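In the two complexes that follow, chain A is the common piece, with chain B as its partner first and chain C second.
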Partner chain A sequence: MSTVADVLAGADAAPVDLTGRSGTRALRDGLARVLMWTAFAVAVVPLVWILWTVAAEGGRLLIHSTWWTNSQVGVTARRVGGGATHAIQGTLLQAGVTALISVPIGVLTAVYLVEYGRGRVARLVSFMVGILTGVPSIVAGLFIYAVFMTTFGMQRAAIFVCLALTLLMIPTIVRSTEEMLKLVPNDLREASYALGVPKWKTISAVVLPTAFSGIVTGILLGLARIMGETAPLLILGPYTKAITANLFGGNMATLPTMINQDRDQAVTMPAYDRVWAAALTLILLILVLNLLGRVIGPRSKV
Partner chain B sequence: MKITQSACIAAVAALGAVALAGCGSDNNTTSSTSSTSGTTSSAGSSSSSGSDTGTAAADCPSGTLNAEGSSAQKNAFEEVVAAYNEKCPDLTVNYNPSGSGTGVKQFNAGLVDFAGSDSALKTEEKDGVIEVDAAKKRCGSDAWNLPMVVGPISVAYNLPGVDKVVLTPALLSGIFQGEITTWNDAKIAAANPGVTLPGTAIKPFFRSDESGTTDNFTKYLKAAGGDAWKADPGKVWTGKGEGKEKSSGVADAVKSTEGGVTYVEWSYAKDNGLSMAQIDNGSGAVELTADSVGKFIAAAQADGQGNDLRLKLDYATKEAGAYPIGLVTYEIVCSKNSDAAKQAAIKSFLGFFAQGDTQKSLEDLGYAPLPADLQTKVAAAVAALS
Partner chain C sequence: MSPPTSGPAVAGPSFPGDPVTGELASSAPGPFGPGAEGGRRGQGRLGDRLFGGAALGSGLTVVLLVTLIGVFLVSQALPALARNQANFFTSTEWVVSGDSPRFGIARLLWVTVLSSLMALAIAVPLGMAVALFLTQYAPRWLARPAAGAVDLLAAVPSIVFGLWGLRVLGPLTGGTQDFLRDHLGFIPLFSAGSVSSTTTIFLAGIVLAIMILPIITALSRDVFNQTPTTHKEAALALGATRWEMIRTAVLPFGKPGVISASMLGLGRALGETVAVMMLVSSLPAGSAWSWSLFGGGETFASKIALGAGEFDTPEKTGAYIAAGLVLFVLTFIVNAIARVVIERRKAFTE
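Presenting the complex of A and B:
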């Protein structure tokens, strides 16, 4: 075994070739490369497969203009026609209201945790957010059901779906916003303080704007996550075929419940095609949100 | 300044999406013929003739009815709602096919206006609740079980070239308990003289989910097969075979498996073009038709008081020409309702449902119309709702 020092010391020793690679190393390198690419392929195959199947089965209906303009009123499992407007509108509306409730709570909680929170209370809040992250969506749905339907005897309505989804969205927003706020360099805060700016103004005029696009990205990704959520909808938001915008009473259609309504139809039924089309529509909606997140992301000043 | 810009983009995009969706239309009356790929279904044309029989729009209520329950009647319910809305477009009727048990629970909790259930409200205690009493408490009056949709259960099989197979309750028990394993088994051959049966292995498929269909089918096996069927009837399958989820699952499996056999709602067997076995309860082989199922339902005994029309199905019936496997879906309603407008809407819709014409139109969908006798009784009961 000759070290580099030996080689340098003994000039008459045989020169060691430092440029070439040993066989075993090349082999290991190749093996790792193959493993990596296989893992990549294994991860991507189901994704492409799902996308391909959904697009192939559901794409046909999406090119009809009625799909985007009509509801399913008067259309039954055996009849062709109708659209998904009622479900698209319901999904967007519920997602919007959910965001309206959870964004202020989530962002302000994150501000508290990063800028103010010290000691036991902050640790408790952080711990609770962690627990909330792990709550399965069905539990969130059942919780709202138990509180409002069982205990208070209220009727099911879209607003309760929004409340259940809020429980799921808040922790994602808190976590992503927290990360974004931590990325804001302390120099900025200190510079602001040095100029005599109070803390609240520093946060609202320096810290939050700096992290803004990152926060928006986090919110959009959180939205995309809850839009595909099904379990609370099955419990709290029964399906209807009509277009409704009433959040506080009656049924409201959403894309997941539209899929669920007809998912056990026979393959020969027109409704079967609509289930695939609704699935594709949902994927597209979420894709658009994700893309929006990607577009805004790089504009981050952090 | 860049910040406010991107905020605006996001806000405008979100608002725009909602605003765009707001322009949608609930009117699909013309679109079903003009917009879509041109395949007009037979059900579509039959229902448009239904509007001719419609009465004056004066007795049309408006508002929303919510119903929940049995998935067995979902397709029938949907078609009837569509036909009803051609007559009375102002009443929205929602049906959530979440299962009979859930439907009854939601009804008793006051979350839906009426329930659809494959079995009448139970009079014995189960899970600490007596359904009949809970319903009475919710309504402030008796709740009525109105038989509305008859769903025959077919025994569908896949044997190319064999278009007639006769099975008895004992044979069905043998097949679904794994005791008879080939189609040319001597016992099957004995019941099918003159039919050449192949030696294909029998592959029974069952519903892996809890199902009213399984419940009714096993009830039939227990009642008609005597000791042949060992297990107690129930919603969970206790026999042999391979489990598939939902009716569509078992129907698909039989369609793609030679030698496969399953019990499945008539509509699914029809839609998938499956062959259906004839059933011999002891008085000759009976083919599954709307008529033969009607005879089975007509032979059922009334089990309730007055307008509570719960039925006691006689699965072991020996009546000639009666096809003995089927289920009845009840609409469960409050006989008296403090909300008069709601009750008027229920009355109008269920009255339409119970009409002879409406019941007849269900036959195309794989359901059997209520037998004439029962249909008159149901119509009278609906008229007596107050």
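Presenting the complex of A and C:
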């Protein structure tokens, strides 16, 4: 990288004339300052606007206890009432199962990359994790559909949604865990080896516990990301109004599909309010996970 | 975003060939000979083999998964492509049922690229400015909560962006869209499109820009933060104003990072499904080709999502899988560029 002297000499960027009239230079500086502050204000507007809209439109239903205890069975778009238990339960269940599959694979892959991996295999794994990070969620869903429905002729079920979400969650866990493991000081590993502790025990009893809270933060943020995913659900997880906990057969409702179901309803329909309420519930779930992650994160020992 | 480590990214904290950490420990006999403490060492080796094997197995699972994605997409797209009666790359038709299916991706590609580039055109300058604000201008008390607020935008699910864009933002952009159409209509990009409502590619571009803003901001912020203090202080010591300091020290240093961030943002925009599906009106079959931002249509991702109901035979599904394959390749190339750019910067700074 070039030094500032190089840059000022015009090696890397247009040379800046520091001898000019100070009036225009000060003016430009002030203009840049105003511009940056404005940019920040512009960036915050959509956030506040979206959160405000969702809270204002959806808040009314959330304060009713029935929202949290009832499903939508027997409730049509024209009727008021019902709740989102079925969708909340489906979202949490699918997220939980997804985490159950992806966390071991993700954490162990990161352990491999940081503690074991050398040479070609490690580079290959790291490269493939990079590719997986970039796979669009709709392609992940399409892939699972191509394997299980088209090739094996199975029926759509919640477990396949979990598998598609797993593809999206693994790379985020690998990357965050990798960062955390790299932060564990080498002195700890060497001290453990000096005491005659085998490598696997060093990793499982010294390295992983040291990085534990950081890893948990990564998992929670990964969960928050996949909870809001809708694209694979459109292909693999049809909506239903009833509460179900069967992962291997039948349809299962989730909050994103509940929103998608009635998104085109007219403003006068009661279903319109439920769409915003479901959106608010989803945002609240994701916010809670995000906040949890941020509270745990700084407690990390590394 | 977690802070990037300053050390080389390829090697982990343990050193290759280090007698206590590397593989040598298991093969070379210890100072007391192979027989000493045989029981405990044997146990340790078994544990090491199991644990190391599990770690390697997980890594290989990831490799296998990515390979399978490629293999399945290609193997199921090929039969459908073989039956296709139209040119896959230049046709604008999309008829996948029947004995002589005719489908092509020309329109999908154009809508995908147009909406993503428009998002990029808005989000890159804005994201850079926000990142500069957070790293160079914001007072200390504001910097952290402000960065948190921008990150929070990334936590909003895409379907909520879609809902907000459809119900709130869309109707409000009607005036702007009419204005551009009326006054810049002589440019093909702004000519009158086939869609009369506000749900156009233009609207999707704006919402996509908001969705990728947090990624671009977070990554740019990281590289701007890494600008060596000596560079910045040298510029200031030479009498540069703050803006001149940013132009001469911060921006040249952060340029590869910003390019890489933009590419990752582009990758996200290309693959975004639900928001685009909700925000862009579909066109009836046989619509005339239009270059306009004020037209409708589908992107690769939204076409696949909208067509999910048609996935009843392998032939029909295959057509959509072919479109998915193109999207996969497209995002792969964009992400690869991002990685190459950032790796080269690492090589420079080491």
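By our rule, the second predicted complex is superposed on the first by the 270 of 302 C-alpha atoms of A that agree within 3 Å, B and C clash if a C-alpha of one lies under 4 Å from a C-alpha of the other, contacts with A are read in each partner's own complex, and residues count from 1 in each chain.
By our rule, a contact is a pair of C-beta atoms (placed from the backbone, for glycine too) under 8 Å apart; a residue touches a chain by one contact, two chains touch by 3 or more.
Keep in mind that what you see is a predicted model, and the values were worked out from it rather than measured.
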item	value
Chain C versus chain B on the shared chain A, clash or fit after superposition	clash
Chain B versus chain C as contact partner of A:I63, first or second or both or neither	neither
Partner chain in contact with A:L35 - chain B first, chain C second, else both or neither	second
Partner chain(s) touched by A:A26 [first = chain B, second = chain C, both, neither]	second
Touching partner for A:M149 - first (chain B), second (chain C), both, neither	both
Residues of chain A touched, compared between chain B and chain C (which is higher)	C
Which superposed partner A:L195 touches (first chain B, second chain C, both, neither)	neither
On chain A, the residue positions that both chain B and chain C contact, one per complex	149-150, 234
Residues on chain A engaged by chain C in the complex (per definition of touch)	1-5, 7-8, 12-13, 16, 18, 25-26, 28-29, 31-33, 35-37, 39-40, 42-44, 46-47, 49-51, 53-54, 104-106, 108-109, 111-118, 121-125, 128-140, 142-143, 145-147, 149-151, 167, 170-171, 174, 176, 179-186, 189-190, 193-194, 198-201, 203-204, 214, 224, 227-231, 234-235, 256, 259-260, 263, 275-276, 279, 282-283, 286-287, 290, 294
Chain B residues within the chain A interface of the complex	2-3, 6-7, 9-10, 13-14, 17-18, 21-29, 31-32, 35-37, 39-41, 43-44, 64, 66, 68, 71, 74-75, 78-79, 81-82, 85-86, 92, 94, 96-98, 109-111, 246-249, 251-252, 267-268, 271-272, 365
Complex contact set, residues of chain A against chain B	60, 64-66, 68-83, 85-86, 88-89, 92-93, 96, 149-150, 153, 155-156, 209, 212-213, 216, 220, 234, 238-243, 245, 250-251, 261, 264-270, 292, 296, 299, 301
Interface residues, chain C side, partner chain A - complex	2, 4-5, 7, 10-14, 16, 20-21, 25, 44-45, 47-48, 50-52, 54-63, 65-66, 68-69, 72-73, 76, 126-127, 129-130, 132-134, 136-138, 146, 148-150, 152-153, 155-164, 166-168, 210, 213, 217, 230-232, 234-235, 238-244, 246-249, 251-253, 264, 267, 270-274, 278, 300-301, 304-305, 308, 311, 314, 317, 320-321, 324, 327-328, 331-332, 334-335, 339, 348-349
